[in-house]
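Each chain gets a letter, A, B, C and D, in the order it is written, and its residues are counted from 1.
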Amino acid sequence: MKTIGILTGGGDCPGLNAVIRAVVKTAHLYDYTVIGIRNGWKGIVEGEVEPLTEFSVTGILPKGGTILGTSRTNPLKSEEQTQQMLTNIRKFGLDAIVAVGGDDTLSVATRLHQMHIPVVGIPKTIDNDLSGTDYTFGFDTAVAIVTDAIDRLHTTAESHHRIMVLEVMGRHAGWIATMAGIAGGADQILIPEVPFDIEDVCEGLKKRRERGKKFSIVVIAEGAKPADMTGFATTSSKVDDFGHEQLGGIGHLLGRAIEERIGSETRVTVLGHVQRGGSPTAHDRVLATRYGVKAVEQLHEGNYGVMVALQGDKIVPIPLSDAITQKKVDPELYEMARIFY
Amino acid sequence: MKTIGILTGGGDCPGLNAVIRAVVKTAHLYDYTVIGIRNGWKGIVEGEVEPLTEFSVTGILPKGGTILGTSRTNPLKSEEQTQQMLTNIRKFGLDAIVAVGGDDTLSVATRLHQMHIPVVGIPKTIDNDLSGTDYTFGFDTAVAIVTDAIDRLHTTAESHHRIMVLEVMGRHAGWIATMAGIAGGADQILIPEVPFDIEDVCEGLKKRRERGKKFSIVVIAEGAKPADMTGFATTSSKVDDFGHEQLGGIGHLLGRAIEERIGSETRVTVLGHVQRGGSPTAHDRVLATRYGVKAVEQLHEGNYGVMVALQGDKIVPIPLSDAITQKKVDPELYEMARIFY
Amino acid sequence: MKTIGILTGGGDCPGLNAVIRAVVKTAHLYDYTVIGIRNGWKGIVEGEVEPLTEFSVTGILPKGGTILGTSRTNPLKSEEQTQQMLTNIRKFGLDAIVAVGGDDTLSVATRLHQMHIPVVGIPKTIDNDLSGTDYTFGFDTAVAIVTDAIDRLHTTAESHHRIMVLEVMGRHAGWIATMAGIAGGADQILIPEVPFDIEDVCEGLKKRRERGKKFSIVVIAEGAKPADMTGFATTSSKVDDFGHEQLGGIGHLLGRAIEERIGSETRVTVLGHVQRGGSPTAHDRVLATRYGVKAVEQLHEGNYGVMVALQGDKIVPIPLSDAITQKKVDPELYEMARIFY
Amino acid sequence: MKTIGILTGGGDCPGLNAVIRAVVKTAHLYDYTVIGIRNGWKGIVEGEVEPLTEFSVTGILPKGGTILGTSRTNPLKSEEQTQQMLTNIRKFGLDAIVAVGGDDTLSVATRLHQMHIPVVGIPKTIDNDLSGTDYTFGFDTAVAIVTDAIDRLHTTAESHHRIMVLEVMGRHAGWIATMAGIAGGADQILIPEVPFDIEDVCEGLKKRRERGKKFSIVVIAEGAKPADMTGFATTSSKVDDFGHEQLGGIGHLLGRAIEERIGSETRVTVLGHVQRGGSPTAHDRVLATRYGVKAVEQLHEGNYGVMVALQGDKIVPIPLSDAITQKKVDPELYEMARIFY
């Protein structure tokens, strides 16, 4: 093996650059050439690549985003694109590929492996919901950003005796809401894994008020849902990013429902894209670096078709196919958070 | 004079606790007693007060919010409340009052001054739009938070080749948008003072793309408006915090308008309440402290009916009545920002 | 069991307040009373205690330090103090004790357990060098602070083409140096576990310079030592905190040795106490909270004489006696860091 | 005029890159070419220059340090170097020079102006001690870093009932110590402008302890001196960065003197180079940007031999020769800090 291609796919995530740097530096140790593929699988289909040298990765360790760009293109959806991808892999002389991404990105890697092209996957999901690995990089940074936001909202909630609702990322799993909720001292945490009862939530908030606490913080994952939509703002609507109406904005729906039931002034904040940007935490930089190093070591050892994963305090290879299921929040951890309501 | 009452009114703002601490410490230097009035003017109407000792203000300097609580109650709107206020001022033996707040809070102070009750005002507006003073505390902190958000959005914008729209505070003046826009390197800054032309904005973004820049950041103050609403999403709507539909969310309207015209993927973030919470910057702590010290010195010198203000690098007293007009963004500064588009 | 005493001993550490809050909240869930013992074991000897209510622990989650105070007093060193401790445990009606601390603090807990007093230990060492547990709280915060310092030093090193030496905590183990060194992109990392050869270090720095890198960052743990002191500034000396001369300041010795051998301008920074102060990271707040909850659960279940420990992603009880050995840096992790030199 | 040279001299400082970016972008607006001179005046003597394009300055706004490098070389000290400088200015076709630096760097600019070479100066001193301008960029960032350190030390001081001494930058003026001391709530602030009496300092700390405050924070500028060295550790010594003994380390001397007099455990931290590194605050980015824009405008208007300066909220040109004196801390501000001891 002489030349390794590397790409980053899906949503951006703090730590991607640390992975890229680690792959390049480790590959150079073994005298491999590294080719950066731009914008995920799209780049290999369209032939947008560039050599990555030590100079290319100087100073990128603390930077958010990805110097390679990213996209959600999945070439398997078109026979033509699949062929173009295979042609370009040959054309650019890529002997192996390191694919960094989530379910979708890694499913293409799995397919390439089945076609006998050497690949190694590196898991990436800011939501921490990929099975097989204890933690994914970027997650700690997102939790840190959300915790900082909760700290800030606390002072306003306290000064105005308000209920503050904070909607955070987590479409299918509530890891960010749970971890940041515990770290920030949230008074209710609502996640997709556990459909919530609006009356229970309000009951909890009222009891808190009766204990003399004049404010409350509610953290809700974007994918959380009420167990029963009856009487829960079913007629309400929300505009999407571009003004199109749609049902949704669970944070706003929740804020309205709480205000109707409790009467306390309620304010809603939707953190959005700031959760996935900016410099990674030290923790994520180390994790991302370890993933990058281990991935190249797998290629060097001829151990293809695997994904590197964190298990305990070790980075280990697991079959790429194990990366598909969604990992739910540990119920014990979620239950523990209730002690602090 | 023996006893000073202090209250904080209006929206909370980083630095309020630094003001309270400075007032208490300076008052003690002159052997005055300090009484904290809870929740703005509401507290004096309802008789909710507490003595403030050195112990009360220990450790509050770096804390956001206000230990006194705040409200938007204006007792002048009811004759009964006005009388109750005057009665309680006598009842609690308040010889003078330090009122910390914006237009509305200070208008009550002005009225009290006319009734020959010794008052001194301390200006508070996170938007920095109070005339008479160069800067208000809390503003620097808000600018820092927004700048940090722009830094984070940059990495996502760059990785995904997107246009990111960031809606920030500023209903009547665009200080936060302008300052943070310059500090964060925004590619368009839209403020209430200068109605924008959506075609011009998109023209600017397109030219930037033609120069090889694959992403852009647009910062828009919540009070910014298009010069011409024609063809600008007039039929669109937005739900408010509690699901009620309303026209608005200028950030979302703008995002939609840009995407329609340019075709680049556009994402909108509305920062919301995190902008006014959390620990004040060093700059704001110093400014708030200086205001608090100067306010008590005015009372000590018998100089009533004034507001303390920053002019150049000095804190000076100005008539309370000068605090009413809204201060607009310096056009020269706003023009300068265009150099970086 | 009705009443639980809690104390924090040894050096302060971000997350101690999160532990205290978690112990109090969990104890209240089971209807236990909690008594705070001031200043470590000293407080129980001298009878300085106070009840801890929900009110006592409000708002302390994000705060550094410990509201209980701490000390290094070890009552086992004096028969009189040991007796006084036992007397006061009875006097204050303490049915069980939660001891938060390192080797020394926990050795007293172990002795109490042998005397049939119900105790549970919570491990605390900012250096992460306690065996039995994967990670200790406070460590992630220290690594974050050191990484931030490395990021800052990078800009100066780069602008001035200098070698910057950063001395960090770690008397017996180099965890902080290793983790922060990887996260910050250090060009040499020196730790107590691996005696260093000054010539090798300089050789590495020279090679880096020959590759066109005009600056370098060297991170050294305070307990790191050269394999051979010959020719290594043996005559040098350093004043301690109060001006008394002593051999030492390995950071300064190293800086001098490098400058003598390489000729590049070298600057030394000793981070000191800022590494252990301030608000804990979200990661540490969660870990500390989980420890606190689990400790009370052990008491509730009658599982005495144990220490709670993180293993993988679970908190588990282990025998207090397992907490004694010092945990060294994982050699694989340390070796990995060399890839980036 | 067609081509502008720009250089950064002296110690690095957060905001230098913001200045460089502003100069390049503004120059391009007027269709000037910009040449970057590497490593201060050294670069023009040695002929190390590079063209600066829009691409060169992309993404540097939030970065600390200077992409141009810096040095303390003063070519006026050698006739040969002076000639070489003049030759290279002609050789590279520089029609004007923007010099960013302190006293020393600007003195060369002044000399060039006298030789009829068009120059404009931009003041740079992290210590804020340059007269003619209200504030210099980098200063706000340094104050923010020191304030953060004080916040961190507070938690340790409080938990251990200690006195913490923090030595900060400020050889000739105590601006950083004063501002950060006020922002961090220091209990004593010692600066070069006001020689201190060690007995007075200790008297203040003792009184504080008698009021029930069990800890204290003392901030001292590196250039602060006792009024009377008698009995003040004259025999003590300190090793410099490379192990050479020298009198000094006022922080360590002070710590020892306090401990001898008060008996409280005292710890000393010397912050060092981290104070001048890393990403500039929003405030400094705006100030640096305004300086850069204004400097090019002066060149464009043919207004040579000036330095741009902040006066009130305006950037104005002042004669380069006015930049020489050292600006001392405002006595009123310093006195105000005593209220909080």
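Here is the rule we go by: a contact is a pair of C-beta atoms (placed from the backbone, for glycine too) under 8 Å apart; a residue touches a chain by one contact, two chains touch by 3 or more.
The model shown is predicted, which means the values in this text are computed figures rather than measured ones.
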*Going only between touching chains, how few steps reach chain C from chain B?*
2
*Hey, what chains does chain A share as contacts with chain B?*
none
*Quick one: point me to the chain whose Cα centre is farthest from that of chain D.*
A
*Could you give the separation in Å between the centres of chain A and chain C, each centre being the mean of its C-alpha atoms?*
30
*chain A and chain D, separation of their C-alpha mean positions in angstrom*: 40
*What residues in chain D touch two or more of the other chains?*
151
*Using the contact definition from the top, classify how the chains connect: line, ring, star, complete or other.*
ring
*asked:* I'd like to see which chains touch which, written out pair by pair.
replied: A-B, A-C, B-D, C-D
*Can you check the complex and tell me which residues of chain A touch chain B?*
8, 11-12, 14, 16, 39, 63-66, 69-71, 145, 148-149, 151-156, 158-161, 164, 233, 236-239, 241-245, 249, 252-253, 255-256, 259-260, 266-274, 276-278
*asked:* Quick check: in the complex, which residue numbers of chain B touch chain D?
replied: 22, 25-26, 29, 54, 58, 61-62, 134, 140, 143-144, 146-147, 151, 179-180, 182-185, 211, 213, 279, 281-283, 285-286, 289-290, 293, 311-313, 330, 333, 336, 339-340
